[in-house]
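What follows is a set of structures for review.
The two complexes that follow have subunit A in common; it is paired with subunit B in the first and with subunit C in the second.
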Partner chain A sequence: MLNYKVVAGPEGYLPPAAASRGVVLPEKGKALVEGYAVPEEEAMLTVVKKLLNAENPVFFPGPLLLWDWKEGIREKAKEVKELTEVLGARIIPMPDYRPKYPMINPEIEINPNHPNLTIWHNNIDVCVFIGVHCHYANVALKIIRGGTSCYTIALCAEMGHEDAMISLREVGLGKIKALKEIAIKVKKEGQE
Partner chain B sequence: MVKRIFKMCPEFEDVMPEEYKQLVEDGPYGREKGVTDLGSFKELIEEHPLCAGCGLALSLRLIIASIPVPEDTIIVGSTGCSSLLFPQVAIQNIHSIFGNQNAVATGLKRAMKLRFPDKTKDVVVIAGDGATADIGLGMVMQSWFRREHITTIMLDNEAYANTGGQESGMSYEKKVLNMAPTGKKFPKICLPEVAREAGCDYVATVSPGKPKRVQNAVRQAVLTAREVGPSYIQIYSPCPTNYKFKSNQTNAVAKEREKEGTYRMVEYVSDKARDYFKQFKGEEKHAKCN
Partner chain C sequence: MSNQQVLNPDALFCNTEKQDMFITGSEAVKEAIKRSNVDMAISYPITPQSESMHLVGDLYAQGYLKDYLRGENELAVMSEVAGASMGGVRVFTATGGPGTLRAFEMFSTWSGARLPIVCAFMTRGLNSPLTIQPDNIEMAHILDTGMIILHAENAQDLYDMLLKAFIVAEKPDVHIPVGVFADGFFVTHTRDRVRIDPESVKLPPYDPYSAPVPVIDMENVPVRLMRDPFVMKSNFISYAAHASWQQEIMAAAMRSRKYLDKYLEGLMDIHNEKAKVMVVASGTAVSQSREAVERAKNEGMDVGLIKIKCLRPFPVEKIKAALENVKTVIIPEFNRVGWLYREIKSVLQKDMEVIGAPRVFGGMTMPAELILDEIRRCQNG
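What follows is the complex of A and B.
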């Protein structure tokens, strides 16, 4: 029986992997919100509201999205850029995963080996992972949950991430466009 | 290799850190570069953490500038001072567990051959003296015995430098180091001769004091590994921190050691390799092939 909620930290040094507490990845058509599977549309609306209500929302695009390495990536990059503009979110890139020494510049980049530095430095309250390879997203999401109070959202192209507070699965061009439409709609409703 | 991987999505160009833009614009891929071109392209990202005057950093820059086809080369590194620098190297590289580098390189070379049967992929091991001559000697020698087509380059700073200065097998006899206060009790390992006897077709010792020689050695070693058999280069990379000399004296120290004969510069070329080189006589860029 699941009773573990994946909520913003700081949960402390070495937080448990959500999977070890019974959180399982969502089935098709579902998404994870704080450890619980919910219908995808509901999760998408929550994502949009979280970002629109955030003080400093930031997207962290990873190498799979930053580099033009295969057909279709540029279209996806364009949509993500437009989505950030609609949501009023900043972009801080994760260009690669090297454990850069002596240190990264947390003002302009994020590194999966110490993502907390970028979160702390920029006072980020809600962040979005997109285009980050699974294993590095898992590591970074756990570190963020362990040491910061940042609310994490993973827009995953595969099956999702248990350690994000909200995780959508199989996010391609269509779902990014859908998120943008929801964001435009929610913003319009807020103005009326 | 898909060279598109080094092209940014234009939507994110404005947020990408400057160093990545420079790597794309001025990196070593797809260019014919040599040691005399250092400074005119980006072989290393700035702010590497090695000490001022580190011979190893200088050697690594010379190696990168000398590698014949960087876009089709993979470097396998190992633990040590050099592993702190590898994340800043503008050529794809893999870090391996201390001493495992030649075993990892073996698997990589074989996998590359299966994955790209019509293309030559160069696998170059670059590791320190501890990883090559002490901890990883078994792996290194077994790869030579098996005649693996890989190039092994040792950056010889004659100490375990980033753990405080313990003696290594490559420190010379009687040398007193921070963590070897009574002096080393046995002579420096004669690894070039070991390499020759273990089956390396090309063996050379060089130092960054003579950059052109480093370039020739690297290119001949890579060429040998492609077509003939294993090759080994030992680059004397003086360590100002543990050997207590001023950081602007690195090249002078290297030259002085060579001059006084305390660091022997040798070159062993097998008959097979020599015959192979003959066909390239007069062709300056022979190692460029493919």
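What follows is the complex of A and C.
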């Protein structure tokens, strides 16, 4: 029960919620890497390396980042866009959570109820959830773990996500900037 | 009232100077809601709950609530409460017995919609022939609706649990409803000394913008459920989405453990943990058990007592550990089915004697002698 690791799938027909296997959300100053709490700085470096080494990294920004609904969101969104540019990652938005019929266009959007369609269609090997309401992020993260081999990262503005392979908590403008600085540094070191 | 001071929950629960009041359980509900910064309450009368929501109505008249109304019936009330919660306000209601069953569909809906509603359940008998008398069989039905379930032993528990329920329910990583249960009449209609916070303080307001689902989102389930439901499509994608959704509700309850542990000071209490005979109870059966255990001690018998405060999430690992070296478990209950007996049996991994007795129902009281008789039988056997 306590040895459950949250790793890339496909895990199977119906993977469990990691919380039901003993994975607990990180305390302040910590983050989750594959189900285990680690210092946040260590997790941030892992996030950057995962994304820089990915073949097709994609950010999935949700409504909490896409809509200018609160002071500071515009600045955060701008910083996230700059972060994706440093990392060489694409952006496919999750503009809302409505079920789409007969199906979504996986080329241009992702939906929490069937996120695997977008991941399969675009051959995404590492993805980042940001600005997605926690319930919908958790629903989607389990489906992705069940049916795809995609490595999932959640940059959560609240308390984090057990079902992501890497999860940071309380991610605001400051932590996005820190990730960008780490990415610039790691890229520079790689070139030297 | 507008002149109440907002205190952070830790300060309100731990640092205020409490005063003693000699009040009924129904009055304890009123005192808790007075300090809970509730925006709206909706009521429908049913014995033995009626007085509590009547008193909450008085709070509205005094300016403590922004809105208060009476619904058409319990299903209507629980639906209206869901609407209020989806709209982003802190909402409270109460029911009991047949009212609980009449409203039943909504409890799973609340959980599935991630609504942090707090509802007090004042239990009573259900089965025909109709009775309004004490019994908590309705708890057998409600355990697996996805709600957090707390069981108050007395008016003090009821007061404390209600205040704390709002804070736990509204945590962004939890955000599911909490049912605070009290055995009707025994708790609601009897006076007890209750330690109460000053009238001048209240909890911080609810922040719906940290919720795990959008506030009043008419384009998504559950509102969209009846218009364009992905859950009613017959394909694997829909099944997987629904299954993942349900797993997330259960995960939310798991996450509530750390908060309940902190605010309730553990999901259960243990008295005399080394005893080989252990009485396990919840609600008012704890009070009767406490008296029986004390009398057994006076007769020279070594008996322990476990008080279960939280039934969902169930303290599985703690119960296993507490009963590891116990020879016999006695589980007294105020219902005919023995739902706590079933819960305890389901987590025990080794063979031990588990006695689902005494059980009383239909309005009967539980004299401590009945529990004492079981203890004596175990000691002699």
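Quick note on the criterion: the second predicted complex is superposed on the first by the 191 of 192 C-alpha atoms of A that agree within 3 Å, B and C clash if a C-alpha of one lies under 4 Å from a C-alpha of the other, contacts with A are read in each partner's own complex, and residues count from 1 in each chain.
The rule is simple: contacts are C-beta pairs under 8 Å (C-beta built on N, C-alpha and C of every residue); 3 or more make two chains touch, one makes a residue touch a chain.
Keep in mind that this is a model prediction, so the values were computed, not measured.
By the touch criterion stated above, A:70 is placed in contact with subunit B and with subunit C alike. Of the two partner chains placed by the overlay, neither subunit B nor subunit C lies in contact with A:178.
When the two structures are aligned on the shared chain, A:143 is found in touch with subunit C, with no touch to subunit B. When the two complexes are overlaid on their common chain A, residue A:52 makes contact with neither subunit B nor subunit C.
More residues of subunit A are in touch with C than with the other of subunit B and subunit C.
In the superposition on chain A, A:78 makes contact with subunit B only, not with subunit C. By the touch criterion defined above, A:98 reaches both subunit B and subunit C. In the overlay built on the shared chain, the residue A:135 is in contact with subunit C alone; subunit B does not reach it.
Applying the stated contact rule after C-alpha superposition, one finds that A:114 touches subunit C and leaves subunit B untouched. Overlap of the subunit B and subunit C interfaces on subunit A comprises residues 70, 98-99, 101.
Against subunit A, the residues of subunit B that register as touching in their complex are 2, 4-12, 15-17, 20, 47-49, 84, 87-88. Only residues 114, 172-173, 175, 209-214, 217, 219-221, 224, 228-230, 237-238, 240-241, 243-245, 247-248, 250-251, 254-255, 258 of subunit C touch subunit A when the two sit together in their complex.
Per the touch definition, subunit A reaches subunit C in the complex via residues 14, 16-20, 24-25, 63, 70, 96-99, 101, 112-114, 117, 133-136, 138-140, 142-143, 146-147, 158-160, 162-163. Contacts from subunit A toward subunit B in the complex involve residues 61, 65-70, 73-74, 77-78, 80-81, 91-93, 95, 98-102, 105, 108-109.
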